[in-house]
Structures are given as structure tokens and as C-alpha cells.
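Below: one structure, written as C-alpha cells.
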Amino acid sequence: MDAHATSAEPERSHPSVGVYVRIGLVLFVLTALEVGLYEFTYGGHAGPAGAAIQPFFVPLLLLLSAGKFALVAMFYMHLKQDHRLFTGVFVFPLIIATVLILGLVVLEAYHFAFARAG
Amino acid sequence: MATTALDQQRAHAAAGHEPTGLWSWITTVDHKRIGILYGATAFTFFLMGGIEALLLRIQLGTPNNTFLSPETYNELFTMHGTTMIFLAIMPLSAAFFNFIIPLQIGARDVAFPRLNAFSYWVFLLGGLFLNASWLFGAAPDTGWFGYANLTSKQYSPGLHVDFWMLGLQTLGVASLAAAVNFFTTVLNMRAPGMKLMRMPIFTWMSFITQVLLLLAFPVITVALILLMFDRFFGTNFYVPTAGGDPLLWQHLFWIFGHPEVYILILPAFGIVSEVLPVFARKPLFGYAAMVFSGIFIAFLAFGVWAHHMFATGMGPIADTYFSLATMLIAIPTGVKIFNWLGTVWGGSIQYKTPMYFALAFVAMFIIGGLSGVMHGSPPADLQQTDTYFVVAHFHYVMFGGSIFGLAAGAYYWWPKMFGRMLDERLGKLHFWLMLIGFNLTFFPMHILGLNGMPRRVYTYPEGLGFEELNLLETISAFLLAASFAVFLYNIIKTWRGPRNAPADPWNAATLEWTIPSPPQEWNFAEIPVVHGRDPLWEAKREHGGPLPEPPKVSGAGIHMPNPSYWPLVTALGLSAMMSGLMLIHHLGPWGIIAGGAILLFGVFNWAFEPAG
Amino acid sequence: MPLTPASRHLRRWACVLPLLVLVAGACSPGHYPQTTLRPLSDFARIGDDIQNNTLYWATGVFVLVEGALLYAIFRFRGRPDDPEPSQVHGNTVIEIIWTVIPALILAAIAVPTVRGIFQTNAIPTGDVLRVDVVGHQWWWEFRYPTLNLTTANELHIPVGQTVSLHLGSADVIHSFWPPRFAGKRDVFPNRETRLWFKAERAGEYPGQCAEFCGIQHARMAFRVRAQSPAEFQTWVAHMQTLGTKPAAAAPARDSVHTASAGATVRSDPQAAPPAGPTDPAYAAGEKLFAAKGCVGCHSLTAVNAPKGLVGPNLANVGARTYIAAGTLKNTDENLAHWIRDPQGIKKGVLMPNLGVTADEARSLVAFLRAHQ
Amino acid sequence: MTDTAHAGHLETATGLDNRKLAIWTFIGSECLFFASLISNYLVHKETWLTGPGPFPHEAWTSPAGKVFEPIIEIPLVTLGTALLLFSSLFVVLALANAQRGNRKGLLLWLGLTLLCGVFFVGMQVYEFTHFVHKGLTLKTNLFGGSFFVLTGFHGTHVTIGVIWLFTLWIEAFRGKIPPAKSLNLEIAALYWHFVDVVWVVIFPVVYLIK
């Protein structure tokens, strides 16, 4: 990751206003999907199909949320066009953060299960 | 008055003079001065931590001793650990980051000079805050690890834990601000031609340290925030009777705490990797392997935290994972040790004081590393953990490692920092006293630990066999202390002498030795262009011998950042907020609001002040 | 006074020899009753074997690497005017070798480690004796749920039978550590941890809290009393009789086998036979025990003992080796001293100074001594 | 607001601006901060031993027979989420205008961003007050504690962002953000987007997943 490869910051061509607005719409739709999924599974409109979705609810929701996260980071925060170094400085901690959350949840779940079972 | 003093200074600087006087130190944004401030402050705290250690050793010299009361002992061992880690070793490393990194990469200053001053002031105020607890008779007393739920309001009423928790929080701000600064500095401020794989190894190891700081400190920040809410606002995160989980504290603490260990040792790795080649007159053996093993160690640092917690009973799967991951760290560490050996092998070793310390570092670190592997195995660690075996292990790493490394750095860079050569004979006396005192103090702890002496006990009964070695350790601790008296004497003696250091007293390889000792305010009259890993050696080879002494030049035309007192005001605001938080039950929110107002005032004036 | 070379020699050795003896003695595990190096149970042996294996490898590495370093330090001394040594930058083959060899050594450590992890984490089955261990600031409670018995600060276990410890804490985190039998296991409030071991030899062995737990962490010791199955049964049967009034005649305590090496030979706390319920001092002590509020924190029954008391169970306190969790030997003087001034002896302990007079203390000692 | 040792215009070794690299570094560090808070929330959200149990989504009857109403109001929070997402859009539009030197556009979009931010904070203040009235405080149970600490620290970040952007709005109003200084806004915008993506994670994890 030798940063000298590009000695000067290239004139960044940030996306056009149209792209920003379209991304904004997609974000809005994804949020609506999240809430809709919740309503469909657990909310007032939940039916028998909702019960069938329940096992997939959490993964689906996390997927949608990850999608929104990626869109904002890539387009609004310009990671897609900017220097790769910025992506590295953001994504490396992000990976460690994710592993940390997973690790802690797994370790604590084991503790709680083992301890409370006596 | 402030403005006029500043104006005078600017006029002074424009004329090419070094500013002098107390005000110039308070408003300084020069990385070299900040480095010296860090060094002097941290060394003072180091001496305090050392005195604390001596008191502990007197108490443990004989069984059932009553020299210290149990609560004083607990305060002293807590403050000894906290002081040495946060107020001595880390800021001593920071002193070298500050002074040396910009010089090694050919820069005129760090990326954010005022932020740098802010880091120092926050560190100083945080250290004073922590130690102010002594004046209130409420020094922290739950260990540097502060295990919940002993730290809860129920089991630790009083201000002891509050001082500790808010003090660490303050110091964390200083570390994070400095880490952002140095991360940016190393990436962005390198002289033309200094590619990443041409960076001096000290800069490399320091850079990795900044990454660890950036990723580890937020975790302890959160752990401390949760503790703060438990103590001040009635939450129950660590209160088991309400369903909270004291084990979460241990997880969060060690997710921070294990990288912290490498934060303490990596700069020393870097220093030693600079000193060994210079005095063996050979380039560093396996530069790339040294860099990548450093990166690998840092990466693994985030995956091994729970090896501090084998005794908590995490189950066989977690034990296996954390044990194997821990053992993996031995591989890159081994690579480093072998490369140091490879560096001196076949060299023409010049025995100056820095080299003594650097070689002893390698020898001592091997011992600390090997006992570390012994802890890596949970069934064995269940016996070793929380005994003096562990105390021995981490003193071999922290003292035999970090302090020997930092001492090597101090003797090595002293001429560059102050323009004076430290006395060689006194330096060697310091070395031998320290080496012997250190080993006699800490090696017997291995034996005591394996034979059943637990840690963190203010006394021990007769009849368990601990008497003889403890007495030996106590006597030796004074020998160790004497070695630092010699060091102090050396400093004072040299201070009285003339500035006698040439630009390149050791026949060194890196950029900081191409400029006068001590460097002028702007470091490099002309920004150097780098063509290789050992630029000064290459220049000397080309020249066919030692280079002529670089002349002092006028700084006319070189634009340097303006001095500023806003970092100090901002730091004072932050400390006032922390103090307000501690007194929240007496002052209500007003203390915090007042501190916050000062903080905002400082930040805005800082932001809108012309940086120069 | 001039010395001949021989006598000078002798004198030097005369100084060094005692020092060597001292060091050798201080290094031998036999010098330390609380050592981890002489395991007395299956559990402790698992860890000890792994530790020895690791220690052998570590010693080998230590000798080789420090040897090479010392060799280099002496062999490659240079003078300032020496020619520049050859400028070696590295050697890929060598670097690969010294990456692989440590990896292999670690594998040799990792394999037994993983086996040991699973062995020590196994849940014991079959003929096991369950003991519930509760850590308190700053003493240990031991409950035998299957035997319906409770005692404090002395863990009685039968030799040859696996004991399965279920550990918890009443307040903060402690760590239960009987070094001769097992490594540490932390005890948590509201969370159960486990530990097991099968004792191999009878005797009395020290143990200690190993996690910092407040002002008196240092004074939170306990004793493990491993007994032959028959002796253990006798002890259980005796304890079963301990209600509010102790049995008139205590069993002969000399029958406790303590002669094994490494065990502390117990000093009989009192020469005279203990006072019985008929003794006037005993009766006075009994009254005081209630009047001074001792009953608020201490139970005197081993059977059906109440849970959650602040102070240790005293049903057989008269027969214990130490009082105040390993702080003092259990002699009449110490016990009286302790009753009168616990805060002076163990500052911060939850037992307050109750203004007990010397006479009252004597009565209380007589009363407690009878509880064997 | 420049604070670099290279005065005037700079060439850095990477060609990247110091402040921009620094804010990304800070954001990377903040990832770990929020990860720790989220971990705490996940570990503790369903834990209680004293006091009422958790009652975020469903009505809950205590052993003593007291009924606790479900507490989370998804429509309100969805509105807040949408506001925050739109504010992210507005701030990039403000930046685009700043880079083109369109001061009016900059003031308009930055103003809208600020409004969204203020409304989001207002939503959170309303929600917190509402919860407290319904009986959920920091002390009630561990859901309460971990919920308030996690969303509260996010709200603090939003508030700091509002103050920062407001300062820039004033600067822009005074004509002090010409295209050459648009980086001042870009850095604040990066921080603002980060605060937004953190909410993108918090919203499903706290409000939608039971």
C-alpha cells in the first residue's frame, strides 16, 4: 500500500447531483423495506407468512442495513472515487469492530448459558 | 499581556532567534519542545512510580510487615501500575515520537502542531488529576485493571475509583489525539523519496503503535463510560445482583489491555532496531521481516485478549482459540529476536552506552517472551496467573523490555536533543547497576510465583517459605533505584558542561543526524530528498568519509507555525469538565457546564486563530 | 593479618557457601508448602505436565539464543578504526528457517495444551462428591449439598474420590486456588464456575484467594484437609451431630493424619480438653454470643446451616487450624485477641470491634473452643 | 482553520490533505467506540434481575402483576431515521454547491441539513422524555441503561455535528467558504455521514430486532 504510487491527489470527479439524489432515493426505499419487513413479520400486519419469515428476519435486516451503510460510505463519503488509503483507514477498523461485536456476543452467550443453567 | 508577549515572540522568530522563557514553553507548538516536555514530565512520573514501588518492596521485605497499612498498600500498587503504564512508559515513548519522528522522516513539524501541544497538556493535566487523589486521601485502590464489580459504588464508596476512572478517561483523550496526529504525520509528512519501505524502523514501529492506540483506546473509553454511568447515574452494567455482568468489564478491559502491552513495547522494539545497526556498523538484518512481523504482532494483538482470563472458565473452545492465537504471537516475536541477532552477527560492535542497553534489552526480552509462552497454555496458566510468576513475566517485558529500550534511546538521542554527550563512564555504571538490580529484583519472582505466592497481597504469612527471596528482592530494588540516581547525576553533570555534541556522534544512518545538535527550530533548512533506507550512511559513503559539520543557518524565509495558548485553554476546559463530573453530586451539572464552556471557547478560538 | 592463599580461599567459600545453601533451599519446591510444582491431584498433574513440557522447550531455546547472543557480544567486538564489516541486509533462507522452527516448537507445545484444555474442562461423572464453594469478603464458605453440611475456611475432602466444586461469590470476584490440587478458578456473583480434582494424598494444605478483592485480599486463605475415606466419613458423621449445642465429648483430634511430607503439622490449639456445656465459662460465653450480636452473622450449626450469612460458620471452629481466614493460628490467646480487636488485626474486615472485655473474651473462647 | 506545518499550499507525501486523512483516521477509531457500545447493548438488552423486565417491543407483565406497555414507537423513529438519511443527501448537495462556488445553494442545502439534524435531536429528546414517563430510565433495567447510553452517545455526536455545521453555515453566510476552502465543509460532512451510518446500524439493531 505504498502511497507514493500516486504522488498527487487526482482531481476527484465527485458524482453528479443526479447520482446523489438517486442514492438518496435508494436509501429511502431500503429503509422503507426494513420497516416493512418488521411490520410484515412482527408488526400489526403480521400474518402466517410473517411467522415463516421470522428465521430470516435478522439476516435480511442486517443485509439491508449493510447495503445502506455501503451506499453512504461509497457515494456520500466518496470512498469509491477517493484515494484507496481512506478506504483502508476506514475498513480495517470496521472489520476489527465487527469481529469484536461477534466475539463478545458469542463469549457472553456461552457464559450466560453455562452460568444460568447452573 | 498575552498578545504582546506573543507578538514579541513572533518578531523574535522572524529574526531567526529561538524563543526563550516560560511563556514560550507554554505556547510552544514545536514538536521538539513538546517532546522534551513529554520526556521531562514522564520521567518525573517514572520516578514517582519508582518510589511507590520501593515502598511496596519495603512492605514485602518481611512477612506480616506493618510498614504500610493494607489500604495504603492497595493504593500504592494501583498507582504504581497506573503510573508506570499511562504516565511513564507511554509518554516516554511519546517523547521520542515527538522529537524523533519528524526528524527521521525529514519534516519540519508534525501534521498538527497545535493538536500536538493539546495532547501534551491533556496528558499533563490527566496525570496531575490522577495524582491529586493523594492529596484527598483517595488514591485509586482497585488495581490498574480495576476489575468490576469491586469498583462499584457498593464495594468502593468514596472518590478512589472516581479519580482513577476520570483520570484514565482524560489520558485516553491525550493518547487518541496524539495517535491521530502521528498517524497522519507519518503518512503525509515524509520527505520526498521516503517511501514507506524506506522509513526508519523506529518510525515504522511507532506508526504501528499509533494504529494500536487508535483501535484500542475507544474500547477502554467505553468500558470507563459504562463504569461512570454505574457509579454516577445508577445503571447496573457491572452490577451482578441486577443482572449486569462484571465479566464484560474484563473483556472490554483486555480488548484494550492486550494491544496496550504492544503499545508499550513496540516503540522500544523500534529504538533497539535503530541502535543495534548503528553500533554494529551493519544495516538492520531483514528490514522487511522486521516491518511485517511488527504489523503481524499488532494485528494479532486484537485477537488474544482473553488469555488474561483463562481462570474465569470460558469453556474449552474459547480457551483453545485464545491459547493458540497467543502462541502464534511467539513466531513474529521470535523473528524479531533472530533478526536482532543477525544484525549484530558479523558486525564490528562499538561498545557505547546505548549499545549496552540495546543488547541487554534483547537478552531480557527473550526471558520475558519465553515466560509469556508458558502462560499461553491454559492448564498451566491456571497455576501461574495472578502469582508473582506473572509479575516477573511482565516486568521482564515492561522493564527488561520497554525501560531498557527507552534507556538505550535516551543515551542514543540525548546528544541530538540537548547538544550534549552524556558521560560514558556514568552511563555504563548506570547500565550495570540497572542490569544487576533488575535481575536480582525480578528473577526470584519467577520462583516465588511458581511456588505459590499470589499477586496484589499487602503481606504474606510466615511459614510459606516466601521470606528469603522477598528480602533479596527488596534489597535489590534499592540497587535498581540507585542506578537511576546515577542517571540523574549524569544528566545534571552533563547539563553543567558545554554543548559539545557534533551533528553525528555515533556514525548513524538516519536523517536526524544530518542536522546540527540540537536541531534548529525548523529542523531542516532544506527538505532532504531520500534515495534509500540509510540515507546518511549512503551520503557518507558517497563522500568517502565523515561529512563536515552542518552549519547553523538563519531561518529567514522558513515559515513555521505560530505559537498558541489555545491548546492549553482547551485542555484546561476538558480537565475542568472531568472535575465537574467527579463533583456532580455536589455541584450538579454546573461544573460540567462551566468546563464545557471553557472547552468550547478554547476550541473556537483555536479553530479561528491563524495557524501561521 | 596476612592471609595465606589457602585461607583466603577458605574465607571466600565460607561466605559463599551459606549463600549457595540459602539459594538452593529457596529454589527447591520443598521449601514452599503452597507450591504449584508438586501436584497432588490428577487435575494439577495435567497442568504440571504441560508446564514441564513447555519449560523444557523454553529452557532449550533460552540456552541456545542467549548463548548465541553472548557469543556475538564477545566475538564481534570492534574498534572505531576497524574496517566496515560486510553490509549484509538479510538472508531469505535463514529467515524462513527461523520462522519455521519456532512454529514447530509451538506445535509441540500446542498439542498437549489442547488435550489438557479439554481434559480440565470435562465435567466429572460417576462417584463424585459435590462441594459448593462461596467466596466472601474475606473468607470461604464450603457447603456439601449431598451431606447437608456447611463449614468455613477448611475444605475437608476424601482422598481418592473426585470432588466437583461448584463455585460462586457472595459479593465481588474472588479466585479459588488450592495450588497443590488445582489451578485457579474465579468465582463470580450470580454465575457459577466449576472445578474438579481427585486428591492423591492425605494431609493439610494451604490455599488462597488469588483475585484482588478489596482491602483484605491478602488475608483470604483457606486450608484443604484431605482425609482418608474412613477419616472423612468419621468427620462427616461428627459434623452431622453439630447442632446448636456441641457434643459433650469432642472426638480425639489426634486421629487426623497429617504426617505426609509438605503438609503443615498442626499444633494442637489447646492442651487442656475443651470446656463442655456444663462449664460456667461456656455458659457465660453462650450468653455473650447472643448478647453481643455474634449470632447475627455467625451460625453454629453445621447441619441445615442458613445461607447468606455475613460471617463464617462456626460449628466446628474450635477444631480449625487457623482463624480469620488464615490470619492467625487458632490458639486461645489469638482467638481472644481476635474477638476483642478484629479491626486491629484485619483492618476493614466486616466484623466490628464490639467492646468485648478480656473476661468476656475468655468466656467466648471457652464457648467457641468447645465447638469442635 | 488550517493547522498544518506546511504553510501555504502543501504537498504531502501521499498527496492527501492532512485534515482529511486525520478525520478518516478519527472515524476509523470511532468505529471501535460504537462497536463497544453496541456490544454492551447486545449483551445486556434482555437482562434484568431486579426491577421490571425489558419492555421495548411487547407489553410485559411483571411477576407482581404490573403491566408495562411496549415502549418503542417505530413510526417516530423511522421518521428520525429518514431525516438523518436525507440530511446526508443534503450535506453532499451543500458540498457540491460549495465546490462550485454557489453560495446560495450552499446556504440552502446546509440549512436543510441543519434542520434535519435539529429535528433528529428533537425526536430523540421527545423519545427519551416519553420513555422516562413510561417508567424506563437508566436505572430501570439493563435494557434502559444500555439503550440510553448507546443512543445517547450517538445523539451527542449528532449534537456536536449540528454545532459544527452551524458554525460553517455562519462562515458560509459571511462568505468565508469559497471553493478553495470547501474542504472545511467536506471534513465536517465526512463526520456527519459517519454519524449517519452509525444510525443505519443502530436503527435495525435496537429498534427492529427484538
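Each chain carries a letter (A, B, C and D) given by its place in the written order, and its residues are counted from 1.
Here is the rule we go by: a contact is a pair of C-beta atoms (placed from the backbone, for glycine too) under 8 Å apart; a residue touches a chain by one contact, two chains touch by 3 or more.
Everything quoted here is computed from the prediction, not taken from an experiment.
Ranked by how far their CA centres sit from the centre of chain D, the chains are topped by C.
The busiest chain interface, judged by C-beta pairs in contact, is B-C. Measuring from the averaged C-alpha position of chain C to that of chain D gives a distance of 53 Å. Measuring from the averaged C-alpha position of chain B to that of chain D gives a distance of 34 Å. Averaged Cα coordinates give chain B a centre that lies 36 Å from the centre of chain C. Under the contact definition stated at the top, the residues of chain D that touch 2 or more other chains are 13-14, 16, 21, 25, 28-29, 31-32, 36, 39, 43, 49.
For chain C, the set of residues that touch two or more other chains comprises 188, 190-191, 193.
Each of residues 3-4, 85, 93, 96, 100, 104, 108, 111, 114 in chain A touches at least two other chains.
Chain contact summary for the complex, chain D toward chain B: residues 1-8, 12-14, 16, 18, 21-22, 25-26, 28-33, 36-37, 39-40, 43-44, 47-51, 138-139, 141-142, 144-146, 149, 153, 167.
On the chain B side of its complex with chain D, the touching residues are 107-115, 176, 179-181, 183-184, 187-192, 194, 214-219, 221-223, 225-226, 229, 233-237, 241-245, 248, 252, 255, 559-561, 604, 607-608, 611-612. Those residues of chain A that touch chain D in the complex are listed here as 3-4, 6-9, 14, 17, 20-21, 23-24, 27-28, 31, 34-35, 37-38, 42-43, 57-58, 61-62, 64-65, 68-69, 72-73, 75-77, 83, 85-86, 89-90, 92-94, 96-98, 100-101, 104-105, 108.
On chain C, the positions that touch chain B within their shared complex are 22, 25-27, 29, 31-37, 44, 46-48, 50-51, 54-55, 58, 61-62, 65-66, 68-69, 72-73, 76-80, 82-91, 94-95, 98-99, 102-103, 106, 109-110, 113-114, 116-121, 137, 171-173, 175, 177, 179, 182-186, 188-191, 193-194, 206, 208-218, 221, 264, 326-327, 347-348.
Partner chain A is touched in their complex by these residues of chain B: 187, 195-197, 214-215, 219, 245, 247-248, 251, 255, 302-303, 306, 314-315, 317-318.
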